[in-house]
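The following pair of complexes shares a single chain, subunit A, combined with subunit B in the former and subunit C in the latter.
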Partner chain A sequence: MVQAQGTEVSARTAEIVERLAGLEGPLLPILHEVQADFGYLPQESLTVIAHALNLSRAEVHGVASFYHDFRKAPAGRHVLKLCRAEACQSMGSDAVAERIKRLLGIDFHQTTLDGAVTLEPVYCLGLCACAPSAMLDGEVIGRLDAAKADEIVAEVRA
Partner chain B sequence: MTTKIYVPADSGALALGADKVAKAIAQELAARGIDAQIVRNGSRGLYWLEPMVEVETPTGRIGYGPVMARDVGALFDAGFLNGGAHRLSLGRVEEIPFLARQTRLTFARCGITDPLSLDDYRAHGGLVGLEKAASMAPADIVATVTESGLRGRGGAGFPTGIKWNTVLGTQSDQKYIVCNADEGDSATFSDRMIMEGDPFVLIEGMTIAGIATGATKGFVYLRSEYPHAIATMNRAVEIARRAGILGTSVMGSAHAFDMEIRAGAGAYVCGEETSLLNSLEGKRGVVRAKPPLPAIEGLFGKPTVINNVISLASVPVILDKGAAYYKDFGMGRSRGTIPIQIAGNVKHGGLFEAAFGMTLGELVDEIGGGTFSGRPVKAVQVGGPLGAYFPRDLFDTPFDYEAFAAKDGLIGHAGITVFDDSADMLKQARFAMEFCAVESCGKCTPCRIGSVRGMETLDRLAQGIEPEAQIELVTDLCKTMKFGSLCALGGFIPYPVMSALTHFPDDFRPRAALEAAE
Partner chain C sequence: MGLVHEIDYGTPESKAEKQVTLIVDGKSVTVPEGTSIMRASMEAGVEIPKLCATDMVDAFGSCRVCLVEIEGRNGMPASCTTPVAEGIVVKTQSDRLTAVRRGVMELYASDHAIGRGETAGTGASEFDKVARDVGLGDLRYGSDGRNHLAPGNGSLNIDYIAHDESNPYFTYDPSQCIVCSRCVRACEDVQGTFALTIEGRGFESRMVASMNESFIESECVSCGACVQACPTDALREKSVLELGMPERSTVTTCAYCGVGCSFKAEVKGDEVVRMVPYKGGDANHGHSCVKGRFAYGYATHKDRILKPMIRQKITDPWREVSWEEALEYTASEFHRIQYQYGRGAVGGITSSRCTNEETYLVQKLVRQGFGNNNVDTCARVCHSPTGYGLGQAFGTSAGTQDFDSIEDTDVVLLIGANPTDAHPVFGSRMKKRLREGARLIVLDPRRIDLVRTPHVEADFHLPLKPGTNVAVLTALAHVIVTEGLFDEAFIRERCDWAEFQDWASFVAMPENSPETVGAYAGVDPETIRGAARLYATGGNGAIYYGLGVTEHSQGSTSVMAIANLAMATGNIGRRGVGVNPLRGQNNVQGSCDMGSFPHELPGYRHISGDAVREIYESLWGVKLDNEPGLRIPNMLDAAVEGSFKGIYIQGEDILQSDPDTRHVSAGLAAMECVVVHDLFLNETARFAHVFLPGSTFLEKDGTFTNAERRINLVRKVLEPKARYADWEATQALARALGLDWNYTHPSQIMDEISQTTPSFAGVSFDFLERVGSVQWPCNEKTPMGTPIMHIDGFVRGKGKFIRTEYVATDEKTGPRFPLLLTTGRILSQYNVGAQTRRTGNNAWHEEDRLEIHPHDAEQRGIRNEDWVRVASRAGSTSLRALITDRVAPGVVYTTFHHPDTQANVITTDFSDWATNCPEYKVTAVQVAPSNGPSEWQEEYEDLSRRSRVIAKPLEAAE
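Take a look at the complex of A and B:
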């Protein structure tokens, strides 16, 4: 992905803020939209948001950094989330996660050097009766096993 | 009449390939020149059979499952459109024992109807509760909910009617209904299922809550891990608005009520009601001290009803059929039904709505059919990551708020995770501390620091370093966390840790000693 330049980031952020500022408690919806647009939260965006909502930059940074969803830097081309919660553990998610980490050569919260995939832990996708579960670019996956893990790795590497 | 084929669009079914199945069916229909309609319903909650395809026949709906895309051709050859025999045939869906044994009040329509069809919703008893509520005095609605015995299904079990009454009795220019749809507990998915499978029932329940308390605005705080539920709820709200169910005149009455769906951002602690309110306001999801109660000073400082999805989705049937009808189900002070979610290493995992009172053993062994792996059940965790681990010895515990509390556990949001005998309970206890460390909002010390120290202590125990001292330390630490934390995250993490330690002491013995003993 070509990263947007400073002035363009500011302009696009301002447009999002203007569209959503009328909501009651607009900050989270704005951060979600900015991340949906840029793939992460650029520093310039936070400045624009703070100014528009009459907040300090520290306040906006505080909110953005509190939530697991918001990124400071772009993710890889694919985002693979593996559920680490108890129901998935009971079905062997730890072993599957280790396999995927080994195949990709990265740990959780890391991106492969070729920028293909970012690996993230997630604590429950609500697919606990068909565990272990995962989410690849928003697509839900159930009954994850070694064979499916290998398929996923091949797919994101392609 | 055009044949109707049901292929669930529930996330659980999608995770197992339902979209591919629906596509394969559409292709076969086109190739064979057959006129039939594919309906994307919610899930019935029989996840070991998903994707479960149903066909409407003169003798009722016949199910097939689990169906893979590659099975579709053979199903057509077997005449499944007329309920033909096939190795995947499940017979009449209503007669599958897992469903037949349930009492579906809150989930009456889930998996049966097209989630976004208001006609379906009305045809299956929807909006009757709201119609009644619209012509009742607010105090009478609140009295009905109180009389029904409904308690908060999010986990705390606080009487819903009492909460509503406080909001009704508090004067303000603006009041809010907030639905807590931040269903973060592992083994729970009932909120997700109802929002994906019968979204109008939640809208109806929130609207009734609005009329009852004088609130005109509602928010559903829905976790970002549920993108399908977010999409379905947004579409349902739009449909309800166009149909005049939401808006300045709710179903032609003098009441105004509208609502918005808001996405969370991946913080587990936002399932705690006060941090959820902070998050909705656009702040860090940090827990607030109580008092003031949200019912008096809640969202933006205004009186706010904050209820779980299932609590609100149970209100329409209570208004429709009456408080006595609902109250008649259950035991002791736990009235009505509860959607129990059976998950993890279990043969028949899914959603089982039943009156309170079934024993844990019945649920795990009979309904759940034991483990998926076929190995013996070692432990079950009830109530998510903050719930206790129960050994088989406690399987006679009835599913009831007070009975679980008496055994040092909790029902929580009614999720059960089954573990087979390969589970290492020291590892599970350590995970509880790790989870708390990852998800702590950081406001209070026992939770923020205690969780990290707990993790380190259990690591030393695993390494066999002064085991007795570590056990004493972690027990003391759990006491501090239980009594010194501001909310249930730090306060309840001792449940999984101490239950694991109490019921499975062998797993906490030094590994070297264990190996020597074998």
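Take a look at the complex of A and C:
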């Protein structure tokens, strides 16, 4: 097989792999780091990782596709995760979710056309005491209601 | 005759010695500790329903239908993952278990409609059987789960995934998949390719190949292990979907490589539906590769010639005639030639593709009927140096181990062999052992897959320059001797100490040091030193080697150098060690054993021995010539000179497979009667006067002997399509020549072999039927055969150390031919491709390519896939380039599976000093861009077409 040509993506991936390959069970840390760097897992990176770790492409694909947090494509500028687990549901998360969907004009797993925000469901943030809860770009938000939803939407739209 | 049924015990056998007794459904059963309850029950005759378990792979515990109850324990543990314990009482049937199993199956069925799917299915899947066994009735959840609906079936379903029909032999229907992971585990544990995975999670999880690609584009090597493992119709042979389930099956032996896998040939009517690897086969233990498993379509290919044909001149069209006329014509021609040009003017070539019995008959025909020893075999061009070299060192011309021995190997030294392509089933077993932690050293000019492939990485790769094997092997010995890593006790006990000292003083000389040798062999001296230390001190060291060792001008010397290494380190005579030639063809070991060489009678006994000759003289009633006859190259030389005029070639295409095609064609053209006995009008048949249609391995009884000396039965599955099995055709020819042969079954031929050959004395068809297979020597001393040789001492007495002086080949690079060409094989094609090219395997390899390093390509302005001309001093040919760093700079590589490539137009007539084995592996060449096929190739194309014309029978005029 012809060696992959040294593109930007493979070069950056190779650098990450080289840095982390010494860890015990290096695949997940590498995938996290690649996603942190590119914002998603480029298909090309997976091939580079498989080759470097001497795994089959199938194995890397199997792991990468198992976790919802690993993306196949770049997300919007903001990522909003709404909790849909039991505690939040009992505290009215469904209504909040509907409101946010309507305001943004998208469903779960979608990104607004202007690329501003990606909406995702999440199943428990460990914040049940402050249900319903959400996470915006890594920051948790508790006690969601209609007003807070409007505020969040305004912020991500800005 | 029905289907051969094999029991699936659900989990692999435990190797523990301690025995445990338990009670299953009131039956007491004793099994080794570590056995699963599932397996123990099956041994007690109680079958527990299962979906995710099969005895080819480790237990997984995901399907939850194999639950059992154990007295005194809570819950319902899975029987596949729960090991047996002393005295436990297991219940496999109860109302509670039935309810749970039925509930689980109901959930499966809601997502996997039984018999209601878009494919009717084969009705033979394990899933259907389990559903019946648990009494699955009404489906409370319906049978239209969202994952598995076809579009147009009432709704448009975005989750629908189309069938993957890309593989030529099997189809993948994701809607039938129950995500049991059996295929994924089979691909990983058994085949070792890791091409399959489960994608996603939850309802989205599905089996996919590589990164959700079509099978043909994925890493899949189409070994068929996943299809065999699948408990549903998700992965299914296309032939089964087309023809339906088979009705009867016969256990037989694959006719491809030297691994000699056992298969069940499953048949419906007179058509083979599929070949399924047989778990009872001691060579393959239920595994297969793409060739044996799927590539049998050549047996019914339209190119097969089914009627004998003759022609006076090779420029005439062929004329179809009766067997009688063809044989009479051949006999009269051979008689005429012998009368006119002398007894030695005719000869025969036996085939490594035919059975032992057929090979024996051809050499008998030559010796008894022609009255000379002009018999040779295709082993001449592959492993004749193995026969010679190992014969000299150890006293037997064969590998020392069985394949199972790899399970105890700690260090594998792989030299000039590429098992994952050429011996795939053994390659898989080797990979398995390497994954378990065995170390690997590879000596090969090319970076073969095993150097680095998922979960396997060689500790040392010595990318030596083609032609420097002897030097590098001697350098390894240099390190072992000078660093005192040899096994003195072993050598003193088993070998001749004086010879060892002489050899040791030779290898210790500075010109054999890694530093000196490394410089011209292109290998880092430290790598040589590291490899030598690892082999000598890493535990059980086993050497596996292939044609990269033998097909050189110093092939025999290399084999002796290998034997020296094994003896010096004491790596011989027990499990896990040894010297193992990976023999190329299904019966190349057997054809050598059967006296196919001009100087040897069956069992490697020299023709000059009076006592040996006498055995055959009295049996055959003739006087045998005590001088060796002509080898293949000598026959061709003699033909060009005009003293050799007639030849009977059974199942070998010497024009394509032997070196220096121009010389071979000149020799054949100079003969007056060339008889080709083959399945197809092969390349050699261009020069033939008589064509006798051959039979495939499916159409005859007999035995093949594989690379581990294992004699396996070949059983007739179908009647010969051309009336005669090959042994019958040879017998008919012998009778036409006036010999009184009256064999009615190959077993009688084997009886004659065992009567006359001490190493086969205990072998008979009855015996093989009883024991399955046996490794020779098999006689009164070793009635059950000999898996491992030289256990208490070498066959020849003391092991012989032989000096291995490196003499560079005369085939040298220079300004005109600056690159070295070496040749090899690819997984999907077999040898000259006569069979595999006539199957779906072309999907993977439709043409031969020239592998060239990016530096060499750039210098010559060659881009990937460009046509290039490869020229040597013997000739030139054109093919397309494949730019890769698998080959080192200065080395180019190709395969020779396709006749229009004509790789052997370029190979030269240099050969091994001892055995004339041609130097295929080294040819100095130049490579240049070209516009397409060379003139020789076009001319050849044209000639082949004309030489294959078969005359249509004349219509009588009104």
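Here is the rule we go by: the second predicted complex is superposed on the first by the 152 of 158 C-alpha atoms of A that agree within 3 Å, B and C clash if a C-alpha of one lies under 4 Å from a C-alpha of the other, contacts with A are read in each partner's own complex, and residues count from 1 in each chain.
Here is the rule we use: contacts are C-beta pairs under 8 Å (C-beta built on N, C-alpha and C of every residue); 3 or more make two chains touch, one makes a residue touch a chain.
Only a predicted model underlies this, so the values are computations on that prediction, with no experimental measurement involved.
Once the two complexes are overlaid on the shared chain, A:46 sits against subunit C while remaining clear of subunit B.
Of the two partner chains, subunit B is the only one that A:130 touches; subunit C does not reach it.
Of the two partner chains placed by the overlay, only subunit B lies in contact with A:31; subunit C stays clear of it.
Shared-chain residue A:66: touches subunit B and subunit C both. When the shared chain is aligned, no partner comes close enough to touch A:102: not subunit B, not subunit C.
Look at A:157: by the touch rule set out above, it reaches neither subunit B nor subunit C. Ranked by how many residues of subunit A each touches, subunit B and subunit C are led by B.
Contacts of A:58 after superposition: subunit C is touched, whereas subunit B is not reached. Overlap of the subunit B and subunit C interfaces on subunit A comprises residues 62, 66, 68. For subunit B in complex with subunit A, the residues that touch the partner chain are 11-12, 14-16, 47-48, 50, 183-189, 191-192, 217, 224-228, 260, 262-268, 279-286, 300, 341-346, 349-351, 372, 381, 384-385, 415, 417-420, 423, 428, 431, 435, 438-439, 441.
Those residues of subunit A that touch subunit B in the complex are listed here as 23-29, 31-32, 53, 62-63, 66-70, 85-91, 122-131, 133, 135, 138-143.
Subunit C meets subunit A in the complex at residues 193-201, 208-212, 218-219, 452-457, 864, 882-885. Listing the residues of subunit A that touch subunit C in their complex gives 1-3, 43, 46-47, 50, 54-62, 65-66, 68.
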